[in-house]
Amino acid sequence: MSFFVETLVGGLLAGVMYSLVAIGFVLVFKASGVFNFAQGSMVLCAALTFVTLRDKGLDFWLAALITLSVMVALGIAVERVVLRPLVNRPQITLFMATLGVSFVIEGVAQIVMGASVHELDLGIVDTPIEIGGVQVSQFDLAAAGTAGILVVALSIFFNKTRVGIALRAIADDPQAALSIGIRLQTLWQIVWGVAGFVSLIAGLLWGARQGVQFALTLVVLKALPVLIIGGFTSIAGAIIGGLIVGAGDSVAEIYLGSLLGGSVSTWFAYVLAVAFLLVRPAGLFGEAPIERI
Amino acid sequence: MSFRKQKRIMSRAIGLTALVLSAAFGTTVSAEDAKTQYFPLATFRVGAYASSGIPAWAGEIDYFRYINEVEGGINGIKLVWDECETNWEVEKGVECYERVKAGKDGSPVPIFLPHGDPISKALTEKSVADKIPLVTIAYGRTEAIDGRVFPYSFPVVFSFWSEASSAVNFIAEKVGGKDKLKGLKIATVYHDSPYGKETQVLLAHLAKTYGFEDIQIPVPHPGNEQSAQWAKIRQLKPDWVFLRGWGVMTPVAIKTAAKVGFPVDHIVGGIWSGSEEDVRPAGAVAKGYLAITPFPAGANFEIHQKLKKYILDKGLSDLKDPKSFGSVYYNSGVDEAIVAVEAIRTAQAHFGERPINGEEAQWGLEHLDLSEKRLAEIGATGLQQPLKLSAKDHEGGGAGKVLQWDGEKWNVVSNGWVKSDRELLLPLIYERAAAYAREKGITPRDATN
Amino acid sequence: MSAIGTDAIEGFGTTGSTAQGTRDRLRVGSAAVLLATLVSIPLMANDYWLNAILIPFLIMSLTALGLNLLMGYAGQASLGTGGFMSVGAYATYNLLLRLPELPLPISLLLGGIISGLVGVVAGLPSLRIKGFYLVASTLATQFLLEWLFNQYGWFSNYSTSSSISAPRLAVFGHDLSSPTGRYFLTLATVVVVTAVATRLVRSQTGRTWMAIRDMDTAAAVIGIPVSAGKLKAFFVSSLVIGIAGALWAFAYLGTVDARSFNLDRSFQVMFAIIIGGMGSISGNYLGAAFMILLPILLDHVGGGLLGGAIDAGQLENLQRALFGALMVWFLIKEPRGLAALLSRAWTQLASCFDR
Amino acid sequence: MPEPILQLRDVSLSFKGIKALNALSFDVERGEICALIGPNGAGKSSLLNIINGVYRADSGSVVFNGERFVRIRPAQAAHLGVGRTFQHNALFRHLSVLDNVLAGLIRHCRATMVEHAFGVGRDRRESREFNRRVDEIAAFLDLTNHRDRVVATLPYGIQKRVDLARALVGGPSLLLLDEPMAGMNQDEKQEMSRFILETNASLGTTIVLIEHDMSVVMGLSHHVVVLDYGRKVGDGSPEDVRRNPDVIAAYLGTAH
């Protein structure tokens, strides 16, 4: 039994890590309807910039600050150079454009900062601790805590600030949002900036977890089913989706994996996501539009 | 879009097409008598595995330069090489192979180094048709050791089966003899891919032979999340873990092992889980981690002093990060270059001192004899194991050294080269090769010539 | 609501639009010239051209055609392409292995049909899920299939590396194992499938698909069988993609395992049809050329211009970045794809002739 | 007197708690032109959507040709002979006029996909027959000149006619027209009225239409039903309705 609980807890905590990446997707999708596949490259770029600066001997906070500016600038640049000329194009075209963007980011980041692997030490000790007989990773707990703070901060941003309220409004009705008096394009830039910030957080935590290397871009594949389950437009959905995917993956890998021969977690989350979609075609927290003809 | 703009785009497109045509047809081979030996290098400098490849090409290129600069080529035949990027993808690897296989400016291709397990498998049959030997050091099909069935595939030095068998033998060394293996639990945590599965059959066989319990735990690609696998390890409590990873899987495994409290000094990494690039991202917790490799790390071998003096210190090295000099991957490149150069030397002794083509290099490889004496002449004693190839044995060595990470660098902890149970392995390998021959309708060659 | 989530899709070609005699004659004429060139190419080209450029280009075009039927014509976007290719490849392999008496073309077709049937199952969620959520759900198919062929040895006849390699390729006693043979096998398949697909999209079936794509609710109201139409599109699309997958395995690479048909392949094909032109037959060839030829071109040009001047690793990364930038640039500059560009060029050319 | 072609019985519908239709009942006689009028948001389009199954009524039933339905599916309605045009343009915008109208015949298609793919069996005969029928309808609605144009490139008024042609080509017994003259000028409206009258007279098709222009409605229809906030406030001949004080209060009195 305690083995099951441990597997479950381990999975839930891993799920929070997926949520961190998924939140970046949600922000951009909500505001501009773009499914930003380059999020993974942005995570890599953030982590790589940060460790490169640290290796040059910069102070932790200074490195974080510079990386943050780089990421915000990158987000804004992507919005201006790529997505603005593509406005009103089909979603799938925008999606493909972000795929192209990810090539550019990966290529340029490695030209500038090289392709070697780095260790990223955030100073979080990672010896296991026992809570009620269940072994839990301290690092994972810290990561979950960070995700929690991030979600609270984002919800304050969306609910209390003028910009945040406008952002929520444009998801429903771009015209109405304009009446608040902020230009749509300014809003998009802000969102892309925030997405850059979120990729910094995700990049630091994922980088610390597995080392800073190219494979960071692959976390996107784990974030996708999280999004499908949670709905593309809900931050709460990204968290709940992450927990479901993390727990589902772990438990399936152990129990279903022993039946089917392992590695079921490559598809389990996706099949689970389709099952959710069949019941709720726009995800748990997404809203399906009413059809009018 | 305006009319003029369209025209402009069209004319650009036409220009582009013209460029493609000229670029691709420009590689035709002239029939002149060449004075050089061409060595195409399939590399992967972009993509998820670039970090491991980059030091390896440096080792390889540095050794080629050393041969050219110091020894004036192989018996006066200088080496030329150029690179082709594969991204470690099969399709691009095949494109590279097709691009270079005809040679360059009349200089033939003696050996193709695919640098990638899937690419080598895809090229198995093409290489036979084109008569170009594939040398795959420490990767590739294990059954290709049987050169009667696989005349042009050379999984030289250390096949995956030898790797697994040596790892088990190292564990036996640690616990006090092969008889002590009985009752042990050895879990293999493997990358769930053809590469990762390659050792399953053998480990099951060894488990039966020695009486240990064989536990197989797959990690799905890419392996960036392993909490379930290590929770299972914690539950099953194996005595040793044999880690056969690739890329990001290895550091995550080490970190997750530490997370669940499994002692890292009881994890033996495989060839592709045993480089600086694999342990460094794991940080402090990797201290004590073991790995078996045919490419022992270190910069104190005699050949390294020559490389340093003639290549690195003269600014001729391909290595960008001097820290990597003498790393596992750098040394793997040196090893690979030594095998290739010596095979050509052997062929030249037979066919004459001139550029060697694929068919001749195949002969050279099958008659390669890297004795202790020859290794000492090269300055590779301790770096490369003695090697003697034949038509029946395309592997030759079959031993590895075990390294331990001390947080800064690797140290050899095994008692010299840990040999695999080749006498046990070879009959099984021949059996599998024969099955392959039956399926493909191949008549095995006569091994006596 | 169109199925891909917005009405602003301008990328679709049309059938039966303004008939211009000269233009059509020009197009037919140049298609004939192109075909004649393709048939006579083995006389001039070397192995490299056949093995590394033309064969993959033709197969990629066929794959793009398959996806275009589903996505460009029927409006159902999918990222399961790699998965369907692998079904075709593994199914054909097993047919060749276990029923060696079947002629190669029949095995190829049956392999395609098996892939088509898998496509129907994978298409079932499309009856309920729309737009981008559907794209996401096709990923389940992709990953499940990749896992299946890697996991169960039966599909690869228990080969150690779970890879499959081509048995002897022969049609009615003619050996097709040489590069030229494989090239003609590919070319013949591509020509036949293209001809049939062109017929199909101009028939009532094609009209059903385009109606579903443009306005599925209206289509249902005027009595078009929407669900059946979607599933048929999944069937035909997966069938074509399955045949392409078998060719990819046997006519191109010779030996493959499931990783050759991974998500990257699905992305590559989807990009090919978006850049080539959705809802256009010729767009598939243009898009495939972009995806297959451009990276090779960049490699040759980059190596030629900058080789030696800058570090090899920098050069490779530069090429990757440049390819990404070109992808974005074409998407921005040509919303309707390269096919629209070509079509306008024909119109211009025709007007020159008419004058 | 023969049985009415369409009978609605106590049909109710609500969206997110707001009642769009409230226990609505009326009959449409075979062969008549029946107009549904009422202010915006009165539930007219919703009613059409219920008749051909796009929406599902919360309660009540629809009797069509004597057969009672609680829920009818769009495809089923089409097969029973209910044709429909749309208020907002619902044409297949990337297709030509010909292809749009041909799409209206898909439900009569008997050839299988394989026959289509290879141009064998019933395919040839069917496509000849279908093309003939489309040519007839196109001639009838004066669309022959636009036959090969992509609909998205046509003026709005012509698009409306294409919509009508697409609905008509399948030979419906009941035709639902949702604001067929919206956005048209006076000439176009007259032309469209003529087409509707001719359809009704020569083909005998029963027509239910929604229209705002009262002069058009009064000139066209045999029967008028007035809706207001989901309730029926008038039902009778144009003259009766014109004199009904409730109707005047609810609709005619207000400027629209």
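Residue numbering begins at 1 within each chain, and the chains themselves are lettered A, B, C and D in the order written.
We adopt the following convention: contacts are C-beta pairs under 8 Å (C-beta built on N, C-alpha and C of every residue); 3 or more make two chains touch, one makes a residue touch a chain.
Everything numeric in this text was worked out from a predicted model, so none of it was measured.
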Touching both chain B and chain C (chains): A
Farthest chain (mean CA position) relative to chain B: D
Chain occupying the middle, per Cα centroid: C
Chain centre separation (chain C, chain D; CA means) in Å: 41
Chain A and chain D: spacing of chain centres that average the CA atoms, whole Å: 48
Computed distance of Cα centres, chain D from chain B, in Å: 72
Whole-Å gap between the CA centroids of chain A and chain B: 36
Contacts with 2+ other chains: residues of chain D: 54, 86, 90
Touching two or more other chains - residue numbers and ranges from chain C: 9, 147, 150, 217-218, 221, 313, 317, 319-320
Touching two or more other chains - residue numbers and ranges from chain B: 45-46, 50, 54, 192, 220, 320
In the complex with chain B, residue positions of chain C that touch it: 46-49, 51-53, 56, 147, 150, 157, 160-163, 165, 168, 252-257, 259-260, 264, 293, 296-297, 299-301, 303-304, 307, 311-313, 316-317, 319-320, 333-334, 341, 344-345, 348
Contact footprint of chain C on chain B as seen in their complex: 1, 3, 6-7, 9-10, 13, 16, 19-20, 23-24, 26-28, 43, 45-46, 50, 54, 57, 82-85, 89-91, 94-95, 98-99, 101-102, 118, 121-122, 124-126, 141-143, 192-195, 197-198, 201, 220, 320, 432, 439-441
Chain A partner contacts - residues on chain B that touch it in the complex: 45-51, 54, 192, 217-222, 224-225, 227-229, 231-232, 234-235, 247-248, 251-252, 255, 258-261, 277, 280-285, 320-321
Residue ranges of chain A touching chain B (in the complex, touch as defined): 3, 6-7, 10-11, 13-14, 17, 106-107, 110, 114-121, 126-128, 135, 137, 139-140, 206, 209-215, 217-219, 222, 249-251, 253-254, 257, 261-263, 265-266
For the chain D and chain C complex, residues of the former touching the latter: 52-54, 74-75, 77-79, 83-84, 86, 90-96, 98-99, 102-107, 109, 111, 113, 116-119, 123, 126-127, 130, 148-150, 166-167, 170
